[in-house]
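Each of the next two complexes has subunit A plus one more chain, namely subunit B in the first and subunit C in the second.
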Partner chain A sequence: MAATAPPLPQKRRLDSSLSSWRWGDRIGFVACWAAGIGLCLIAAGIVLYMGFQGLKYLDATLLVTHPNVDTDQSKSGGFLDPIIGTVLLTLIGIAIATPIAVGTAVWLVEYGRPAWLARLVESGIEVVAGTPDIVIAIFGLALFQKGLFSWMSFSAAGGAVFGRSFLTAGAMMSLIALPMVFGATREGLQSIPAHVREASYALGKTRIATIRRVLLPAVKPNVSTGAALGMGRIAGDTAIVVVLLGATLRLQSEGGLPVLGTLRGTGSTLTSYVYNNSPAGEGAAPNRAYAAAFVLLLVVIALNFAVDGIARRGARYGLESTRLDRQ
Partner chain B sequence: MLQRLRKPWPDQRAERTLGALASVVLVLIVLMIVFVASKAMPAFQHNGLSFFGSGGDVDRQIDAMVNTGAKPAPGDYTIGAWPLIYATLLTTALAVVGGLAFALLAAVFIVEFAPPSLRRVVVPVVRLLAAVPSVIYGLIGILVLVPLVNDHLISSGRKQSVQYVISLTGTGLLVAVVILVVMITPIMIAIIVDALYAVPKGWREGALALGVNRWRAMWTVSVRAARPAIIAAVVLACARALGEAIMLSMVSGSKGFAPNPIDGLTFIFEPLRPLAATIVEDADSINAPAMSATVYAFALLLLFSSLVLSLAGFLAKQPMKKYGIRV
Partner chain C sequence: MIGNEETHDVERLLPPPIKRIVVDEQLQPTIVQPPVADPVAATGPSAGAVRAGARAHRRGTPGPERMTLDGLSVSYGTKRAVNEVSLPIRQGEVLALIGPSGCGKTTLLRTLNRLTELTPTARREGRILLDGQDVDELEVTALRRRVSMVFQQPNPFPMSIFDNVAYALREQAMKRPGKAAVEPQVIDALRRAGLYDEVKDDLSRPALRLSGGQQQRLCIARALAVRPEVLLMDEPCSALDPRSTAVIEELIQELRSELAIVIVTHNLQQAYRVGDHVAFMYLGDLVEYGRTEQVFAAPRAQRTRDYVGGAFG
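This part shows the complex of A and B:
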């Protein structure tokens, strides 16, 4: 990064001659500083304000009590169920997304034949990344209301499939995480030098054996980075939860089986809890919304900055993995 | 022989399996288009091109659809979705124009002017702003900015002047665009910063050697060389802004009203509701066939625009590949 700045003596000379700049240039210079400082102030404002309001309204009992429907805020309970919902949905989504994304990235980098299919897949991922989450959600509703997928959710007496459950929402959430995991894995694979592969081939390994024994272990930090980013996206997404999870306040399981019942049932997450408790939703309990939003913000920040830890660990093993390091 | 048994998969089968996995994404995209288009068909059939027109009060038309029962008459599909489409275009265009200026200046700041210590702060800040869930932006908007605008920026005289048409409550174009700018700027900054770093150092150094100042070297050489990335950034930010549903449904005022620039300053306070927010709010009543067709028609519009934008972004990024940047 520092390489882009001119050498030091020259820099001093340029800075000291700021007074000799034309007015237009000076305005640009000042505007750049303003934009940079402004960004920091906005971020600090958001984090501090949410932290302040969150700590004011959050207490430990909220985290472990079930929510109730009640207009009185002292009786409406906590948000244990939304927290469980967020965790469940994130795990389901990333569990579906990771194998598909890693497989796709491996195929694209290591095989990539025929070339037209490779290019199509590559742009396909771009398309998925650019598709609004609300469109993915509503597509999921159309897809999972087909009789074929009746095992994933609850069906009414007349045979109409409800289409809303943790499984269906998780499946669509995986589409949100997929581009992040794919991108990170592809970056990692592309940064592995060709001689590593050649050494493996020279020992008589097949391509797939090379992939399994050499390449996949090497890109593990990248996959973790992508997965953490993807989990952050899933945990922060609201539209899919509102449309596809039913957004019932408590976890409502369908059928007798304990785990599968919950997965087939509906529930809520922290995001839909915040949405419903904001003045825009039905709940209108801003205190609860602030408290839950604070927890959500912590989760998302933790997931996004877990990435730094992973990248640093990868760097210790001698993998110049992440994009920012390459500059 | 033993060697052969230990090999888990023959190479060709592995290639085909991974290729099939990669094609899953393409199948999903095709399915998405087919499902959404087929569900949206009735709305377009019954309305024709007047679907895009502005006839009557769009909110009343949507409310009427909810009650049309299982076998709606052709007349029940009547809708003039122009206010919603216009709201989408208006918020997206304003946010992208505002965000582009902001992002460009911030990117130049990060690459050129920021002292290393400050750069170590700004880069994570950009990632943080990109990671904050949209529901938290919405919450801050509706609980902080909306009351602020309502109390201090809209005079009661202004409210009275339009009280027979709409009520101004603070939710509306201004708050929606401001928050949208904050949400899409980080995406643009990330792409533009990558591109600015990738501009060959010699080009800018050549300009500096000719005696221009740092701002001018940046602005006339690096930024100009990074134009394809700037276009890609704009395109991707457009896709994000188009599809933003939750935040806009919280702060836009949720009214099918087309703000009119002729109204002077009142224009920026007028409520509106973009397509994506409409889908979120009406997804619950999707069981009415007329409603379902209309909601899927909105989704099809969004899907189509995001497809076009993704492909445009993909094409815009191609020239950058010759500098070896993968954006």
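This part shows the complex of A and C:
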């Protein structure tokens, strides 16, 4: 009996129906399925509902006309400025976050000394990653209203620094993207086996050359993935926009210079536009809110596809093909 | 990317194979070294053929000393891994380093190009001379270009085949000669490593898609590209099949005229096939050093006798 019994339950388990399971297992099994399918339904619901509503109200002129403050819906314009605002803010944020995150990850993985400092840096990034965006936003406002940062926004006649601009909002936005870029880069560096570095040193290469020419190219797909994820987070963030971008409907330039003026000025993004036009906001133009929300959703979904594409393309020279048989 | 016509052009532009020039110009004009004395090995790389002819072209006189180890000891923390080893490494010959696992062969090899310095616990005593100069006085990057290394596991960089070799050629991070500038040297290195014909169609292919044997030959090409004087090989065939092993052994035979080669191997027959001199280590000590025939046929030490005894039973 002892010899024949063990295989039996296993076989039963594999191909028997649910009816032979214990009740606890059955409930757990059904719950897992339900959770998975439920999530798919919710995702499909969001996309379909927003798609349906968005397409209903979206038309091409909305994308290219400036918004107006007007109670008459036919005159309140489109959301060109919020689209530009989202793009601009995302680019500023990621442009600040990426070099800092990559540099930090390289230092941590390749040098990481003294150890206490490395631990401190890691916990610092964890804290930043865990801080709610509204807290980051308020901190940013307090920080950038200091006279030292008056060049980033503008000062009122009395010398009070406004503290709200694309630059200040972008700087704080970089904080919410930074942990994603950092995490992806660190993971990439850690997955490069030590013998790759050793091979480079054995060719008479310095550590800097090794980082620059071997390690950084190898983690490029990781950096891109992290950057795309971070851009998705920036594009979707509302709190920092509302607090730090001024949420003026149109781009408001500060000073005469063309680009710097815009960067120092205020504006809005798709998120703040949706918020302000939704039934919750003051504008109460839900059809515009839906259309803009749909555009925002498309942007974020496109970024997610970009992540997948980068990851797949990055495998070209990658270590994945050999990592398994190495270990 | 290198198109086919372009490749042929480059072939025509190439200087004659440099190994002969090196032999002629440097150090040992007296030694006449037939590149491959064994016609069988030259045509068909079967292990048996290499073995049959392998001993045929051994010289009588040893070449000039390239490296000298003088009372070399290495410890990891308190553990002695290499104990007072003194050895000559000669140009134009292969030194085979044998011994049971853990006896310090890899440690010894990695000390020669100061790679052990990457291990924080490792400490070295004794002197290593390269052409009469203490290696500690050399810039470590320069030393490693003169004494280059092939590892036990093929370890190409995650880049294209071309870039793997070109990376070795380019000086350091900031100076970057263009692709066209390094291409002849890349192709020459690949050819010297016997890999070129297999990969010439697409040098932009990822190196990690090559077979293990091809990867190892790419690593040899990379090591050769810097034009080293000494080539260290740490069990270069242990991850390879017999055919790839035979190809690499044949390659060693061809390279031995232009370089000093030190090869670590667990395969005593391989040591016999490729080695001019054999050094037998045991628990960090150099037990025996001598000409291959002598070490295998008439070892002086009992330890050596026990170790090599089983090899040709």
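A few notes on this one:
Methods note: the second predicted complex is superposed on the first by the 304 of 327 C-alpha atoms of A that agree within 3 Å, B and C clash if a C-alpha of one lies under 4 Å from a C-alpha of the other, contacts with A are read in each partner's own complex, and residues count from 1 in each chain.
Here is the rule we go by: a residue touches a chain if its C-beta (ideal position, glycine included) is under 8 Å from a C-beta of that chain, and two chains touch if they have at least 3 such contacts.
Source: prediction; values computed, not measured.
Bringing the complexes onto one copy of subunit A puts subunit B beside subunit C with no clash. Contacts of A:212 after superposition on the shared chain: both subunit B and subunit C are touched.
Taking subunit A as the reference chain, the count of touched residues is higher for B when subunit B and subunit C are set side by side.
Within the superposed three-chain model, A:195 lies in touch with subunit C and out of touch with subunit B [touch as defined at top].
Touch criterion not met for A:259: it reaches neither subunit B nor subunit C.
In the superposition on chain A, A:131 makes contact with subunit B only, while subunit C stays out of contact range.
Vectors from the Cα centre of subunit A to those of subunit B and subunit C enclose 120° in the overlay, to the nearest 10. Superposition on chain A leaves subunit B and subunit C with their closest Cα atoms 5 Å from each other. Subunit A residues in contact with subunit B (one complex) as well as with subunit C (other complex) are 204, 206, 208-209, 212. Across the complex, subunit A meets subunit B through its residues 1-6, 10, 14, 17, 21, 25, 28-29, 31-36, 38-40, 42-43, 46-47, 49-50, 99-100, 103-104, 106-108, 111, 113, 117, 120-121, 123-139, 141-143, 175, 178, 187, 190, 204, 206-209, 211-212, 232, 235-239, 242-243, 271, 274-275, 278-280, 286, 289-290, 293, 296-297, 300-301, 303-305, 323-324, 327. Across the complex, subunit C is touched by residues 192-193, 195-196, 198-206, 208-209, 212-214, 217-218, 316-319, 321-322, 326 of subunit A.
Listing the residues of subunit B that touch subunit A in their complex gives 3, 7-11, 14-15, 18-19, 21-26, 28-29, 31-32, 35-36, 39, 102, 105-106, 108-114, 116, 118-119, 121-129, 131-136, 138-140, 142-144, 182, 185, 189, 194, 197, 201, 204-205, 208, 213-216, 219, 236, 239, 242-246, 249-250, 254, 276, 279-280, 283, 286, 295-296, 299, 302-303, 306-307, 309-311, 313-314, 326.
The touching residues of subunit C, when paired with subunit A in their complex, are 113, 115, 118, 140-145, 148-149, 151, 153, 155-160, 167-168, 170, 172-173, 206-209, 219, 222-223, 226.
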